[in-house]
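Each structure below appears as structure tokens.
Next, two complexes with chain A in common: one pairs it with chain B, the other with chain C.
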Partner chain A sequence: MGVSAIDVRAAINQPSIFRLVQRKIFNSAGWGLCGLTFLLLGSAMVWILKMVFVRGAGALNLKVLTHIQIGVAGGLLNAIEGTLVLGVGGLILSVPPGIAAGIYLSEYDGGWLAPVLRFMSDVLVGVPSIVVGYFGYVTMVATLGWGFSVAAGSIALAMISLPYITRTSEVAFRQVPRTLREAGFGLGCKPGTVIMRICLPMATPAILTGVLLALAISVGETAPLIYTAGWSSFLWTGHLTKEPMGYLTYAIWAMITEPQRSAHQLAYAAAFLVTLFVLVISVIARVVTFRRSGWGQHA
Partner chain B sequence: MSFKNILAPIASIVGVTLIGIVIFLGVYSWPAVKFNGFSFVVKNDWNLGNLYANPVMHRGHLIMPGAQYGILFLIVATLLSTLIAVVLAVPLGVGSAIFLSDGVPAVLRPWLSFFVELLAAVPSVVYGLWGYAAVIPLLSHTVFPWMAKHLAFIPFFAGDTGSGYGLLTSGFVLTLMIVPLITSTMRDALISQPRGLREAALALGATRFETMWSVILPSTRRVLIASSILATGRALGETMAVLMVGGGALNYLPNNIYAPITTMAAFIVSQLDSALEDPTGMAVRSLAEVALVLCVISVIVNGAARLMLYFSGYQRLGGGGWA
Partner chain C sequence: MGVGIEVKDLNAWYGANHTLHDITLNIPANQCTALIGPSGCGKSTFVRCLNRMHETTPGAKVTGSVRIGDVDVYNGSSPVEIRRRIGMVFQRPNPFPTMSIYDNVSAGLRLNGFRNRKALDEIVERSLKQAALWDEVKNDLKKKSGASLSGGQQQRLCIARALAVDPEVMLMDEPASALDPVSTSKIEDLIFELKSQYTIVIVTHNMQQAARVAERTGFFLNGRLVEFDSTHKIFTNPSDKRTEDYITGRFG
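Moving on, here comes the complex of A and B:
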């Protein structure tokens, strides 16, 4: 007995209940599992934030912010100062070449150099920060004899943040409308004038966002600083070389492994400060990006 | 002199930085490379030698008596912890990317995405602190004993669960650190697939999840592979978190999934102080060789992933600027 056209049509029009149920289950289970993965990540985030902020808030007081460290007690003033000095030092060194590279990648994309630089910048992002730190140790600290110092730490941080600034600057310059450049050239401006006087002011807010993010990364880094900036419990006396520097992330690592409760309190206070700083910068950067590109679009 | 020619050398600093790292580490560690030879990566013996004796000449190199350097245990631990992290992170990342791209209202999407991507903004050492102070007590007292009892049929899941510091703990922490990279890249790729694909599949009567799973997701295959490789690169080089939860094993291959480990990156941090005790400098140079090996591995891994993303025509990498 053969299968008639009517049978086929019936089979298409009325798929088996079993198959329908199966597909429904697949659909619901799929969304359920995906939602579950999101929930898992979200609750891990909440757990981390809760631990850092609850324990950190309990450990934070005025003394922590205004006193230097004494053994496993005291405050974090030296570390706060060091984090700011090293972070700003890293930015001073990485912003000019980073923006220059961003301009070059966006404006002179035609030749061979731009693709090569873009590739190297992207690869540099992936170089582990401890490798940069050890590079800093063998070159600046050991071979050049600078010792643990602000200079070595800042240069190491600059090497970490350089590719991030390059990337955000490139994107910022690419967002400047082409017609503005054409208008500039049409008025007889040279390329340098068009880039520095027309494109740069337009791109500045986006570049600043990138610089802020680079600062957040610098503040959160530990590995590149351990063997370049070293550690010091004292305030900075202003020497660029031969003077080690404290910083908050080191305090977290060093203090939590000490047995004393006062040391743990310092570690949690330092974690609170670092995390708060990084999160605030991330939120600011994200809000600025939304403002510019429209809410919801920049998903 | 044109503006371009003034700009080019300053712009090249970013490239010079990368080349400089590789070259200077290579030059500095060259005596160690010659002394250690190939056994550096296949032998399992990191031994600074007798630091109280006088240095001796050995095959043309001044070393401490008995010193030899083999980092097989570091390579194995680095690869295993990365493997665990990537195996866990890919399904988590893809699942949450699907949920964020299609499962939530468009108004909420940026906020929920941002919340998950904040995981990438949390500093490595804060992950270490979290792992050390919050996760390890839970894992060592509750989760690991349960796993060793009930999952013992899986190879390497049985046996001594140790102190909670170790391979699996490192894997868990690394997972959270690399997941945002996969989530944000995949979510952008899923959203940017042509609208027509979605509409065609829905018009054929596919459910929304079938559309996502059988039509949209397969077309982002290359982005998934590339972002997983990028995530691998990040896990390979992660330092502080692994240092704080890894347990610091020396010359010791893990015998089960709970065993203590040290990765290459964590080893560099933990060993420089003792390496400086070696007056011949060979230990410090061998550590530089560890850094060089790690650097070369991550350059290869990241280079491959970037090339893959370039050729898949997907330019906006890594989402919110953290990649």
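Moving on, here comes the complex of A and C:
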């Protein structure tokens, strides 16, 4: 006799005691681990946010946002400006080549170059950021004679962002269904047109997420900038080389080690601003990911 | 005006899987030719060889010759050139989800550099009317995404998109398999209307449909063309035993 549908249903409806116990144990173990992880991550986050927000918000005022630093007092305007300039500079230098590399890896996979590129990109992710900074110092700051500068700092940040943008772009392009490329080819579009006009619009939300995360990482970096952008408590005068630049993460590190209360206030204000910035970027990235226009509707 | 298609010794592979064996046939101009056969016998693969779509699949290979009108498809012409002259409707609807209905229909023209607004408006309207979709979408042409339509509407959108570039040959791979009887008969009416100007190749599992729309019918089995003749002959007096078994429902 074979197994009938009735047997199957009976087995589902009345599982053996052993199965029931097994299920209970796995169920509670699963929930327990979830809870524990949540508690660990949650309390760490709450603790950090509380410290940064409570002490940072207290230290924040209009003067901090509108004045440059004077010794261990004054404001953070120079550092805010530097973080924005360096962050945007890093993006300008890393987004176009990152997307291009992602397109290459996804659309022209097959030759020997793609695996090599992917390997190098993975290695670059693993390089400690201080090494990137020191590399920038030796090559750009010293050998090329650029000095501490926006150019050197932006390039160092771009080197850190590049592998993230490459990887997210590759994945984003791979997610575009084959059937849509075929639709494009069927209409007589050239391969370049299919990539840029059909695949790119579909990949954009995912790429944007990667770009925003890369920006968040750049804004939080200190090590690669110490050796390349240097430090300055003045506003930028627009030179790309031979002009050091301030940025918020350095302000945190430098001010918290000073004994004065005014220095600590500045450090907490800077920490608050960096955290807020990263938080806002992450939230935007999440929202973008959830609102992928048209995604999920195409089978 | 449509053009005829001459296929000689066509063989196709997916990797090591030899999918089509020595297909030779002549598809006449300005007529509808139906391809029938059991699932997996190679109908889609055959149709995809006609406009060089097969080779876009990684590992795919084609040998033999295909002539469309005076163009040698596999010798001396670019795939892009070929595909501009041949419209294709796929087995599964594939509208561009990031584009509006209007942009979907006009995609073949816009993406290839055609920008005349007024002409585009006219072509979009005409193509949607031909595909029997105009009345359902005319009010949200630019508001709705192509992916927001129902499956059957999406397929008609894809038909309109293929018509908009005014091809000489229309390849339709089971265009009506996702449609209800009313839309199906609209598509069949459309095929009737188009036959005077285009050469149509339609893959179908529905033998009544083949009998209704096609002058000629080809029967595929296991990657080979078993019989190719006038539709009337195939359905009333096939010369091959396997064709007869298939159309009388003894297998397949």
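Basically, the second predicted complex is superposed on the first by the 254 of 299 C-alpha atoms of A that agree within 3 Å, B and C clash if a C-alpha of one lies under 4 Å from a C-alpha of the other, contacts with A are read in each partner's own complex, and residues count from 1 in each chain.
In this section, a residue touches a chain if its C-beta (ideal position, glycine included) is under 8 Å from a C-beta of that chain, and two chains touch if they have at least 3 such contacts.
From a predicted model like this one, the values you see are computed outputs, not experimental measurements.
When the shared chain is aligned, chain C comes close enough to touch A:180, but chain B does not.
Applying the stated contact rule after C-alpha superposition, one finds that A:188 touches chain C and leaves chain B untouched. When the two complexes are overlaid on their common chain A, residue A:27 makes contact with chain B while staying clear of chain C. In the superposed model, A:285 lies in contact with chain B only, and not with chain C.
In the superposition on chain A, A:197 makes contact with chain C only, while chain B stays out of contact range.
More residues of chain A are in touch with B than with the other of chain B and chain C.
When both complexes are overlaid on chain A, the residue A:145 reaches neither chain B nor chain C.
In the superposition on chain A, A:259 contacts neither chain B nor chain C.
Of the two partner chains, neither chain B nor chain C is touched by A:238.
Residues 190, 295, 298-299 of chain A lie in contact with chain B in one complex and with chain C in the other.
Residues 51, 53, 56, 58, 79-81, 83-85, 87-88, 90, 92, 94-99, 107-108, 111-112, 145, 147-148, 158, 161-162, 165 of chain C are the ones touching chain A in the complex. Chain A meets chain C in the complex at residues 110, 177, 179-190, 193, 197-198, 201-202, 293-295, 297-299. Chain A meets chain B in the complex at residues 23-24, 26-28, 30-31, 33-38, 40-42, 44-45, 47-48, 51-52, 55, 96-98, 100-101, 103-105, 108, 113, 116-117, 119-135, 137-139, 142-143, 159, 162-164, 166-168, 190-192, 195, 209-210, 213, 216, 219-223, 226-227, 249, 252-253, 256-257, 267-268, 271, 274-275, 278-279, 282, 285-286, 290, 295-296, 298-299.
Those residues of chain B that touch chain A in the shared complex are 2-4, 6-8, 10-15, 17-21, 24-25, 28, 91-92, 94-96, 98-101, 103, 106-107, 109-110, 112-116, 118-119, 121-130, 132-134, 176, 179, 183, 187-188, 191, 207-210, 212-213, 230, 233-234, 236-240, 243-244, 265, 268-269, 272, 284, 287-288, 291, 294-295, 298-299, 301-303, 305-307, 310, 317, 320-323.
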